[in-house]
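Listed below are the structures to be examined.
The same chain A turns up in both complexes below, where it pairs with chain B and then with chain C.
For the complex of A and B:
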């Protein structure tokens, strides 16, 4: 899996390792938050689905009653009143206002219906006959429209929530399956590179110190040989101080090399 | 005596109408209709009476299509009658169409007031209320023009005169205009059958007077009941009551003062028939709502239903009389009720509300 995800293009340094670790931590927190959000939304979504089902069934019944009351009107009036109703209606009696509801950061519009009591534009329709049926029919239809408004508000919420849930789930999945593994991969990569560097360094140090030991041993042997020679020469002819000075000089050189080594280590 | 020469002019028309009467649906037909499962079945059941007119309907027609075809048949038959009638009978038949004209004119006035294209409205007009100058009404673009140059040319001019000015058309609710016209029309019709030499003292006067009185009372009661809770003032309301009928004048006065259903019940209690209606729907005890169909306590009958029932009974009785054009009026009312019944039944079938399917008025 980690092979498919790849890793980010970073230089394997300790600084970027720290960055990556922070990133991983952030991704994990974000993941759990989003997961919770998605669960909350899904719960709400199921609730809305259930209510839509109820509202739709209710709408079926209400619309049937309403259509039937219209049949009653046409029976009582004995003609078509549609045109007159259309012409005499001037102001809306039944109105809708919108509100916003906040569900875990998602703004859902909700519609709320109310009737303007003062408006009664066709109160006189059917004065001669059928007036009561017309009024009753109007009330029935007002109830039917109420149900429709409720349904509309649920449907809108349904659509918006659906979209949001998809987005959130996509993010959750992206974090879970792409960002987290990739960051982990990067961390692993950086760690392995750093280890590699460590090992190289260690090997180099060993190599250097081994060489130094060899050099020291060689120098020692040289000095020893020189001393021996000097002693032999002293024994033969006592003119030694020059050889001793050379040995001291060689020892000072060795100390310098060690100092350089320590510096290198610090840079690390 | 009055029957001696009636058949010279009116015999043919009367004979035709009596023939038409036999094609009205009977109780048997209605019970067949209520058993139908689809509109097509209804169409099939109506075949014997309406055959030709329903033939061109598409399969499973809408109820409004069905109703409009049935109305077409009524119109065709009536047109034939009016073409055959002469003299005072023809005048009588013309009077019958005025009611529809009032509806048509109210429609056109509404259209003109709202500056709609009134030509479209002509299609919506009731064919029985059609008169030659009706399309001319569409020429008028504003209400004053409509009133001054057009309405005076229509047969209804007399009903406008004296009670409605052109300002009224603009300011008053169209329903008030319509009801004012209708009131004038009823009074004129009543006057016509009582004073015309061909009709006074004949069976026509007897039966038509009763029917028109009933119609007047029904309108008064309905207007009163429907005006509760609207901006119609008592004074305006009173102007809409026809000035004859069993309730006039005492009952009308009380109606005009009534403030609630009990007041109406009290006002009509002087007339036994109406009192019985109010008792039947339980309004006189102040009970229940105003009761639409099914809303009323008495086996689903509303006041409106009882009025229709009474109207049908009166119309049915007219056929016991002879030598009178009133049978045309009665036949027309019966036929209209029949169309309403069939519409109701087919609505019930179309909407699957069979439990209330029996809520129609079968006469024969």
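For the complex of A and C:
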């Protein structure tokens, strides 16, 4: 899994390590917030689906009653009034307005029905006979339409919430399965690179000090050898005065060696 | 996604595609509206056995896509069956498409495109 996610292209420096750590913290906070949002929306969503189910059943009953009252009307009027009504419809009396409801940052519109006053297209319908039935039928249908409008707002909320929940869940999953592992990978990478650099530095220092030690030992050995040579020369020829440059050097050396207290100065 | 206010502020009418009885009843409730001439348009369509499917289709497109003043489209379920693919393909929140039962065709929740989605979501 983590191999497939990869890491971000950053230089392994302490600064970018800090950045990545901040990013990881941010991603975790965002993840928990989005998760909570998604849960709140899902709760609401389930509530709405249940209400849609109920409202649809109710709509079935209400429409049946309404259809029955219309049948009463055609019986009372004694003929088809459909054509007359279709022709006399001019201005909508029954209208809806939309309001917004805010659910965790999602604006859900809700429909609200209202009747436009002073509009009556059917003033003359059923004037001859069946006026009462028509009046009752109108009321029944008005109630039915109110139920329908309620259902419509539930349905709209359902569609919008469905969409929003999908988007939120996609984000939650992206953060959980891509962004967080990738940032963790990057942090791991930076840490390992930094460790590597540390080890390299340590090894280099070790090398340097080893080299220094070797140099010192070599210098010591050289001086020791020169001293021994001078001693041997002095032992072989103690009275002979120094004639050559080497002899002078040896004598000087010998003199130094004999002065025990100056020994330290010669050897560094 | 969450529709901006402008897209539904203007929507205040209901539209109907239905058989004669449903349309008559809903018009009696007062939802009928005819826009100002010229080019006056009704917000209802009466469908009977002689109505062509293409005409229903056109009315559906007109109410859902072209007209911006319709908040809810009511359509009889047996008519929605005839243009099922359009109804199923229409997923926008506005206008809300509502399938209603008619006198001769009782309501069948199994066919409703929204209820189908509900059922699918809950894995039933």
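What we mean here is this: the second predicted complex is superposed on the first by the 218 of 268 C-alpha atoms of A that agree within 3 Å, B and C clash if a C-alpha of one lies under 4 Å from a C-alpha of the other, contacts with A are read in each partner's own complex, and residues count from 1 in each chain.
Convention: a contact is a pair of C-beta atoms (placed from the backbone, for glycine too) under 8 Å apart; a residue touches a chain by one contact, two chains touch by 3 or more.
Quantities reported herein were computed from a predicted structural model and do not represent experimental measurements.
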Quick check on the superposed pair: does A:132 touch chain B, chain C, both, or neither? Answer first, second, both or neither. first
Check the residue A:205 against both partner chains and state whether it touches chain B (first), chain C (second), both, or neither. neither
Per the contact definition in the header, classify A:67: touching chain B only (first), chain C only (second), both, or neither. both
Identify the partner contact of A:76: answer first if only chain B is touched, second if only chain C is, both if each is, neither if none is. first
With the two complexes superposed on chain A, say which partner A:29 touches: chain B (first), chain C (second), both, or neither. neither
Tell me which partner touches more residues of chain A in the superposed arrangement, chain B or chain C. C
Identify the partner contact of A:197: answer first if only chain B is touched, second if only chain C is, both if each is, neither if none is. neither
Answer with first, second, both or neither: which of chain B and chain C does A:224 touch in the superposed model? neither
Can you list the residues of chain A that touch chain B in one structure and chain C in the other? 64, 67, 69, 71, 125
Going by the contact rule set out above, which residues of chain C touch chain A in the complex? 1-3, 5, 8-9, 11-14, 20-34, 42-44, 46, 71-72, 74, 91-94, 96, 98, 100-103, 106-107, 109, 112, 114-115, 117-118, 121-122
Please name which positions on chain B make contact with chain A in the complex. 63, 103, 106-107, 110-111, 113-114, 116, 121, 124, 126, 173-176, 178-179, 182, 218-219, 222-223, 225-227, 229-232, 240, 290-295, 302, 304, 336, 340, 343-344, 347-348, 351, 353
For chain A, which residues are in contact with chain B within the complex? 64, 67-69, 71-72, 74-76, 78-80, 83-84, 87-88, 120, 123-133, 136
Which residues of chain A touch chain C once you look at their complex with the stated criterion? 49, 52-53, 56-57, 59-60, 63-64, 66-67, 69-71, 81-82, 85-86, 89-98, 100, 106-109, 111, 115, 119, 121-122, 125, 134, 137-138, 141-142, 144-145, 148-149, 151-153, 155-156, 158-160, 162-164, 167
